[in-house]
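Next, two complexes with chain A in common: one pairs it with chain B, the other with chain C.
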Partner chain A sequence: MTNRTSEKSPFADWRSRTTVERLLGAIASEIKKIGSPVKIMEVCGTHTMTLHRFGLKPLLEEAGVEMISGPGCPVCITPDYYHEAIIDLITSQKNILVCTFGDMTRVPTRKGALQTVVPVEGSRIKIVYSPEEALDLARKNPEKQVIFFGAGFETTIPAIVYTVKKAHQEGLKNYSLFSALWLIPPALEAIINSKEIAIAGFIYPGHVSTIIGERAYSFVAEKYGLPGAIAGFEPADILLGILSVAKQIRKKQPEVANEYKRVVRPEGNPQALALMEEMLEKFDAVWRGLGVIPESGLKLKPVYANFDAIHRFGLKLLPERITKSTCRCGDVLKGLIKPEECPLFGRVCNPENPKGPCMVSYEGACLIEYKYSSGVKER
Partner chain B sequence: MCLAVPGKVVSLEGDGTGKVDYLGSTILANFSLLQDIKVGDWVIVHAGFAISKLDQKEARRTLKLFRELEKLSPSE
Partner chain C sequence: MKKVNLEMGSGGRLMRDFIAEKLIPTFSNPILNELHDAAHLPNGLAFTTDSYTVDPIFFPGGDIGTLCVNGTVNDLVVSGARPEYLSLALIIEEGLEFELLEKILKSIKKTAVENSVRIVTGDTKVVPQGQGDKIFINTAGVGRLVGKPRPDRIKPGDKLIVTGSVGEHGLAIMLARNDFRMFSGVKSDCAPLLFLLPFWKKGILWMRDITRGGLATVLSELAEKIAYPLLVEEEKIPLSPRLQGAVEILGIDPLYLACEGRALLVAPGAEAEKILRMIKKHSLGKSAAIIGEVQDKIGKKGEVLLRTTSGGLRLLEPLTSELLPRIC
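This part shows the complex of A and B:
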């Protein structure tokens, strides 16, 4: 549906060739004044998609801006031992119904992928579009234990915990959450602190920002002196964001610009934030490829422990299971290498036979690169 | 999962849900995370939940900026 650009389309203005050309011209002239090319990280996988789908990456490179993909794909950064824990459960316990988003089911692990493992009789895996579908299945199937296996950033977290709150209110005894909930700002700080790559600024994820607002990124400008802009997902949106970052670099005036004001309020979404605050607490979480990041994960508060699948089913999360794999998703997620620099990219690892989550998720940098770059399939 | 484009609210049910139209295809969305949603509003829907309402005034402001850009010569 996102492809339509009919006359009636309300997005046509944001895809207008003239506007895009003017914005690219303005960016190029800023970079010229800066004097050397810059690297800007787009944190969100949906931004990566826009950049590729509309062919903006090479045009930006001509203008002197190299876009680096960041860790903005929740499926990609969820460590594989989460999948292995849930695979262990459904291959050993009856009457479990695991609901999850589609791309989660294809992530390969040493125990297989959710979509290929064979659950024991009475248990199964179901793809849902919304966590509410999972809640509804729990209501309708009292004889089953329904688990929502949810990976998400701030954008998705309110929707997920909403279902737990409902289940709590309704006294449902057969609904629980296996949470893989991650926070973007701590990950940004980890990337900045790792100093592995010289990023001159950030394009902040538009829809994470609808929830957390502008202030959540203040530390990037204030503590680290790095520019950034919140941007939307149309070509002109993302270019407006990049132009703002380029201007901030030139003027040496880092700030948190909001170039997506039609959707992102400065304060974010207070209702969603209140719900998160009420139900969840932070913990030091492990991100695939990035390791432990302080206070970067969210889990249900102890009062809701009955709705926590880890607690209810005694799931074992075994970080020590991580072994060295040839998949370089970790380096891709940190922006250290481009997908095509992974030796497996293309012939060995592709959408039909993914070797890592970055080739699985629609927001994964490797899949996006594979789909939109010409020539790679011949590799 | 993430519909990057906004859809238009076409109906509201009593239970906090409603229908959102995406250029002809309709989906059911939960409006519990937003206040004062009306039929005709544009919203961003994510994983079945409306998470933000489009601010038409801000949208028009950006469009005005585009119009000004278009008046500039390509080299600027």
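This part shows the complex of A and C:
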């Protein structure tokens, strides 16, 4: 039992003031050489969290770097109608057990949130901490149809589809996946092509990269001439990534730098990639805020159709809906506006009463901004 | 249709809004409106009540029995009172094994003896299976005032003292539920705060036990009561190494995890070091630390600012919703 200073936390060196000051100094001197401030997008919500939790954003702004939050939160980019489809199911069919991650249960939709709707008798919604837990529930409750409502990027996709593989092997008849699975590289390309914001470089998501490796981002440097760096999630990790991007900008030599080598290999995780290849196929998916992005979604291959909840329960996904909401979640996800520029932010939209998913998810840019930023107390 | 959800009882903002918007206006009177952890009654008496619904009922470092005595004792202590009498109301679910019930009663007795309080009245109810969760306990406590919180006297330069490492109770409970299938070795910090009682005579201006919502929420409650913002140094906050490892894996901020044997104190600037030394002499105060101060240089009234380990500055918000581990 001791203070953090006397007995070190496992990450003390990665968060210490000395390390951070040194890296910020190096970044500032690169920006000076470049001659003007730069905008860099951190794609991943967990990076957004680190930047705020450690109070790094204002320090980076002093150094000449404006960080823009990207679409890297699976809860945020999953469109409402996925939730509505599952709400329709549990409010009409008995003996359905829907398992999902905690954040997903709070997303507000036209039909309410999973957390607040009242399922018909015998059906319910359960928060799980891993897809494996949902599979286990299916094994233990043969009288229930267990659906895992899985939202995720490459980080969690292998673990999610592995449950389907196991269910298939075990011949489980009561387990299925309602998939909201998204791929990061196509989303990056969509953001680059939208040309609405001037981003000088990217901080690539560390955990996604453990699966897909370095090469998945080559097109950003080669086709679009934009710098980028894979980074981990400690303050020093992100600052190293930013420093690398700043150096690439100054030298005009864009590449995919790997500043998270202790975890990310150039080729990623071949086993996980093979599993994804084996079980899933790409489709043109709708992202909240970003619209249709070619080949950016994954769904189970037809041979696993029996394990696809959409197929098994005839779920209706109705993407045509246009909401009249003034919530500007979509623009926040594209990095077009900062959370505080949304007219709802902090006034009618807050963590207890979220109007959009960016205020729901622990990785959502709005919730993070609300929780950690000083000077936004007019609420 | 509006329905009560779990968050309303989580110790976060929703619960405080419920108290402020529903309970206070409905029952308003001068004693209630003070909103101490215990009510200050005429003739130097203090009175408090608390219900215990912890799941699981046995956990590393304690059980619902130790909790229901210490929790109520602590509410009295931080309100400036020496605890004397407790009531004990048991709501038992049909089917609870008698052996477990006896174990809990034994814990209650042992903890009451440790705290020199007597259980002088009580009640027993049994509810049908499925209409409770093993056992719920309510205790009320009466104590005699030895000091008085003076938030009105808190001024810039006064120091914030935490009496020990934070978050262990919350983490121990979270892991004891076994949803994460993870073992950390962290035990609940559940303990009586009686040893803090003498400090009311040594100039302490305010005390609160750190329970649901964690240190961050208690700091926010303090900030709302006084005229100046608080500045907290993250690296001064005591955290046990075992807890630090576990919260990193789970992605949980320890400043929002509950304690059951820790308090936040406000000491006058000039006395703070001396008071800290005295607290540290007690076995339950060994890892106490000054974690920050009341100040008027940065921030606004009502704000808690955190100087992070990395040197950045940010707002420290009270708990708003149940803690969930991150998903990726």
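What we mean here is this: the second predicted complex is superposed on the first by the 368 of 379 C-alpha atoms of A that agree within 3 Å, B and C clash if a C-alpha of one lies under 4 Å from a C-alpha of the other, contacts with A are read in each partner's own complex, and residues count from 1 in each chain.
Note that in this section contacts are C-beta pairs under 8 Å (C-beta built on N, C-alpha and C of every residue); 3 or more make two chains touch, one makes a residue touch a chain.
Computed from a predicted model, the values in this text were never measured in an experiment.
Legend: residue contacts after superposition of the two complexes on their common chain; A:Ala26 is shown touching chain B, with no touch to chain C.
Of the two partner chains placed by superposition, A:Gly225 touches none, neither chain B nor chain C. In the superposed model, A:Gly55 lies in contact with chain C only, and not with chain B. By the touch criterion stated above, A:Thr46 is placed in contact with chain B and with chain C alike. Contacts of A:Asn269 after superposition: chain B is touched, whereas chain C is not reached. In the superposed model, A:Pro131 lies in contact with chain B only, and not with chain C.
In the superposed model, A:Tyr372 makes contact with chain C only, not with chain B.
Shared-chain residue A:Thr210: touches chain B; no touch with chain C. Legend: residue contacts after superposition of the two complexes on their common chain; A:Glu363 is shown touching both chain B and chain C. Annotation: chain A residues 1-2, 4, 9-11, 16, 19, 21, 46, 101-103, 129, 133, 152, 155-156, 207, 362-363 touch chain B in one complex and chain C in the other.
The part of chain A that touches chain B in the complex is made up of residues 1-2, 4, 6, 8-11, 13, 16, 18-19, 21-23, 25-26, 29, 46, 49-50, 101-103, 129-133, 152, 155-156, 158-160, 162, 206-207, 210-211, 232-233, 236, 240, 261-265, 269, 271-272, 275, 362-363.
Across the complex, chain C meets chain A through its residues 3, 5, 7, 13-14, 17, 164-165, 179-180, 234-241, 244-245, 248, 253, 286-287, 289, 299-300, 302-303, 305-315, 317, 320-322, 324-328.
Here chain A touches chain C in the complex through residues 1-5, 7, 9-12, 15-17, 19-21, 46, 52-59, 74-75, 101-103, 106, 115-116, 127, 129, 133, 152-153, 155-156, 207, 235, 350-352, 362-363, 370-374, 377, going by the rule given at the top. Here chain B touches chain A in the complex through residues 1-6, 22-23, 25, 30, 32-35, 42, 44, 46-49, 51-52, 54-56, 58-59, 61-63, 66, 69-70, 72, 74-76, going by the rule given at the top.
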